[in-house]
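Before anything else, here is the set of structures, which you'll find just below.
Consider the two complexes below, in which subunit A is the common component and subunit B and subunit C are the respective partners.
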Partner chain A sequence: MRFITVIFKKVNHMEKLLDLYRSFAERGRRITWNQAIASLRRLIQPARRREPLHPFWVIVGREMSDHIRSWRFIILLALISLTCFGSLYTGLSNVGTPKAAGTEANKAFFFLQLFTATDGTLPSFTVFLNFLGPLLGIALGFDAINSELNRGTMSRLVSQPVHRDYVLNAKFVGSLLVMATLFFALTLLMTGLGLIFIGVPPTASEFVRILAFTLLTVLYVAFWLNIAILFSVRFRQPATSALCSIAVWLFLAVFYPILIKLIAKALAPQPGPMAGFDGSAADFQRTVINLLRFAPGQLYSDATTTLLMPVVRSLGPLTMEQVAGAIPNPLPLGESILIVWPQLTGLIAATVGCFVLSYIAFMRKEIRAR
Partner chain B sequence: MDIRIEHLSKSYGAQIAVEDVSFEVRTGEILGFLGPNGAGKSTTMKMITGYIGIGGGDVLIGGKSVKHQGQELKRHIGYLPEHNPLYEEMPVMDYLEFCAELQGIPRVHTAVRLRQMIRECSLDNEKHKKIGELSKGYRQRVGLAQAMIHDPEILILDEPTTGLDPNQIIEIRKLIRELGREKTVILSTHILPEVEATCDRILIINKGKIVADGTADSLRRQAAGQEVLQVKIEDAFGSDVDQALHLLPGVTSCSAIDASSGRWEMRAVPGGIARRELFQLCVERRWVLTELIPVETRLEDIFRNLTLN
Partner chain C sequence: MEESIISTSGLTKRYGNFLAVNELDLTIGKGDVYGLLGPNGAGKSTTILLLLGLAEASAGNAMVCGFNPATHPIEVRRRVGYLPDDVGFYDSRSGLENLLFTARLNSIGKDDAYRRAWQLLEQVGLASDAEKKAGTYSRGMRQRLGLADVLIKNPSVIILDEPTLGIDPQGVRQFLDLIVRLSREQGLTVLLSSHHLHQVQQVCDRVGLFVGGKLIADGTIDALSSKLFASEPIIVEAGFTARNGIAHFQPDDLMPLTNTIRDIEGVGSVSFADGILRVGCVNDRSSLIARAVFEAGYDLTLLQKKRHGLDEIYHRYFQESEPYGKTA
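Showing the complex of A and B:
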């Protein structure tokens, strides 16, 4: 026994095993193989398996598995993957061409052209995501709450020892995690394939920009997910909430820019002999762009352009005086983020705002059992 | 764990679903909760389980109020609702595991409980199927397994045998009786023989109010009022029997069921005087008394009487 005690003492983190052995030895019992194995199992078994999982994470897990198994997610995944590979092909075909590279400064960020380069036949990856991302968010959220209410499973869920807000929070987090996994996987896959085909590895700065772009995409889609969840709390029928979400998306993505451009055209200042010198045209253009930025798609587009094209130094109209003498060098990542900071905070605020509205509506909602 | 219902009320708008209901269920007791559709049974059960909010009054479980400590008390309650909503896209095992984890069962114990529930509810052949693919009977079993997965001290079962075949009904009744030895069980059903076979006590609710509370025997005694006897007398003329039976002391009414075969039904004051007098009569007249069957008041009759009047 002394020998075993010495061994246990020598090995770090084996105090528990030593105590166990001592307790058996003191009781004058011999440890059988079964007892020893059972004791070892208890020691080896991670504490988390002995502790119950938090109900919030239980619901998150169910949501994630529910999404991954659903046909709509599989179809959207296939669609987004297809566009990803299409964009990759276009990017690979055009990367390095003078049209794609543009300035000398852009050539320094050769790898980022994979995400932005296009010859006009197919839109770039960022444009595709701007269009399809909201659809994914809406598809994951439009029946989050109302389908559970219709099936009667919501009342069964809240009759378990689970706080009511866990349900909404877990639905959001579950969908967000699925989306984040999808976008990170696709972006990394694109990066990997680009690396194989181009043969040039991305620089550290390029890689961080790609990760920042992916995070931004997740944030953008999270906004649409929250819009869809808000409608799913508000409307009883999933079809109604889906239609409302798509209507909002169509309006903000298609009709809103058209509307603003029409109004801008009607109100545009007449060109006179001093046009361009008094700054009124620039102010007007700035106002139009700011109005366009009420659409989340515009915010996302501004932010992705700046992040993936380091040469972009401003997102508004510039006067000749401002650009005179400027060296067209690429901006460091910090500077690019500084430029898109209003866009980022705008997207975050819109996402949080939608979530808060959904939260209040859900907590006030009477859940009647069927 | 005892359940005490104190002046429980619930309204849906202008409609009163439950009005000032009070009763108690002790540990190890199976209470049969009866009532016509819309009487307030399910609403009462939902309030006990925390499925819906309490309108007025309170529910005390083990001395703790559902109003104030509802979240904690949910761990002690297993509930099978009437419509038994389930996640149809989930396989049975996954669903039960999900429910076990929501109830806070440590993951090392989940597998043991799952196996036990699968065995007790005879779900072995269906455990990997999606719930949506199951028949109604099997869905009911999944609901029952879900209600019992966390080994609750209180079981509230709203029509647990709906959709089950006769063999399954017998198995489930047996299971409920076994569970009722240690746990507090409230069972709602429309099958009255099931209540008699399973429950220790019966509570009848009508239009949101309790109209009867007691054992099946005590309810019968309350409802009986008079003794009903079916007799068969042979070797006698029908007219003689009819006349003689009407004149017997204690007999209030008498009618022929089938005069040609000598079958009669007589109603008499309770206490058994009529039976002795009838026997003496047959001896005196040398008639042969081949049948004397006391007709018990059926639970269905009691139920109808209490809920229709």
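Showing the complex of A and C:
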């Protein structure tokens, strides 16, 4: 028992606990862990008990626990964890190789290579997330509204004293929280494991970059979540809404770039004597890339590349004059963020746009029993 | 009637060209058990949605518990419990958890919610199944859980939309008894919509007949029946056989008999269908009718006296107005 007192004494801010422990000890009681935990709870909880939770958070809580218990989420969790460890393996086996490091400058950001390094057999973590993130978002959202309508729980829910938009907002926030927790946990886990295996700790700026990357991933998945919720408001059958979301995803991820590249090939300016000097080729390239950026996947990969590879200093074509004289130094974090600011804004705008559409559709919907 | 707890004036709901609710004027007093009767698509459910502020009225307004549901839906929903006709629960949660969820949505504290939930589960007879998943409940159990779910917020009005749909007769009886008992004990106002006449007749103090979005009659069942059938409030039914054993007659064969009966003082209409003679009369004329049957050479096999029930009221109204919302 004495060692507990010692431990408490060592940690300064645990004085309260020490008092608690002493009061037990003085009364001559043998405290069990259960008693200790119970009294700890009493210490924290009284404020929360008196005030019932706001209805909005009640719905959010139910939404989250529903997700966590569902098979769908468990399967996706397994998939994404596998991805995470698979790419951790790729990252570990390629980190520090000349191919991954590229320039001297990149070597300064050794740790970040964990997320981007690949030897070409397995895609890196960012590429995986670019592909799997939408699937997670769609899986969390495609039956958000219509399954409640079909189960007949929606009419019960909206006849309670809650504003109708609480239901939609809570669905979004609940899924978002689950998903954000998942991504932060995975990324931090990956960071931790990487730390153990490489033995080189990330610098502060690397760590902030990793956190920013995770936030970006959450935002990207939130966009797909909102697309799925929009379809779940629009279509009565969960299967239809899932299929629609997946169709949009496949189109934007696979067919849209092909389409743009096809058109671009047909319209490309003929290489003339002045090609490369009058800027027409660069303009053309810029237009093509901008068109590609209508796909959120492109925005995401632009942004992650810039965040995780500090040497990237432009996302469009650079002319020789622009590069001339530039020292291939890594950019500071602020500058990197500045480069991806348009991408971030685009993603946020797309997410908010989808949410607004589903909000309007949901508020106008008349909710009857099944 | 004492103070009214639900009142509407000129309440109208239009879907495109279709009038779902047409200038409804409805008043329901505190503590009443009110039956909203009408065929499918008569606008009962839409009226309920309007009362709860779940749909927007095209014209007119409503007052529920002193609040306008169009402008203060939250206040209304805090005081009104609504059981939709096919109530759904979260199937992967137990009945108790479903109840607790509703309680927490109504900002009832945790301990309170537990106590109330168990008490209500006890009342509706689900205490032993409380921990089972709602997905395993039968239709009748779901409906009873629905009633508990409605009552957990301690409402002053409960609105039940077709609450007995799909329950077996025994279950219906228990369910209705439960509603009446609870409403008497707790002074609840109950608004019950149904197209089952007999159930409504069993439990309701007052009824409103709804056809094509219009309330065409409103009042106690007795008042409705005496208003409608002022000339002949009593029906005497008589079944008989001929002395030679023939039990099936052509109406023409009975002309002498029906004429005799029609001549009895106080008798209104006389009709014959399905082997039974129906005589509407102002006051009880059963003995005279029996004698007339006997004297015409028939043996009585059945003689019964009835007051008009909702069935007759319902049918009478349907004859007068076009059913199924064609008035729009």
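Miscellaneous remarks
Everything below uses one rule, namely that the second predicted complex is superposed on the first by the 324 of 370 C-alpha atoms of A that agree within 3 Å, B and C clash if a C-alpha of one lies under 4 Å from a C-alpha of the other, contacts with A are read in each partner's own complex, and residues count from 1 in each chain.
Just so we're on the same page, a residue touches a chain if its C-beta (ideal position, glycine included) is under 8 Å from a C-beta of that chain, and two chains touch if they have at least 3 such contacts.
All values reported here derive from a predicted model rather than from experimental measurement.
Aligning the shared subunit A places subunit B and subunit C in steric conflict.
Of the two partner chains, neither subunit B nor subunit C is touched by A:261. In the superposition on chain A, A:69 makes contact with both subunit B and subunit C.
By the touch criterion defined above, A:236 reaches neither subunit B nor subunit C. Look at A:152: by the touch rule set out above, it reaches both subunit B and subunit C.
In the superposition on chain A, contact is made by A:53 with both subunit B and subunit C. Of the two partner chains placed by superposition, subunit B and subunit C are both touched by A:162. Counting contacts by the rule stated earlier, residues 49-50, 52-53, 55, 58-59, 62, 66, 69, 151-153, 155-157, 159-163, 368-370 of subunit A appear in both its interface with subunit B and its interface with subunit C. On the subunit C side of its complex with subunit A, the touching residues are 45, 49, 52, 54-55, 74-75, 77-78, 80-82, 84-92, 101-102, 104-110, 146, 149, 153, 161.
Residues of subunit A that touch subunit C in their complex: 49-50, 52-55, 58-59, 62, 66, 69, 148, 151-163, 366-370. Considering their complex, residues 45, 48-53, 55, 58-59, 62, 65-66, 69-70, 151-153, 155-157, 159-163, 368-370 of subunit A touch subunit B. The part of subunit B that touches subunit A in the complex is made up of residues 46, 49-52, 71-72, 74-75, 79, 81, 83, 85-90, 94, 98-99, 101-108.
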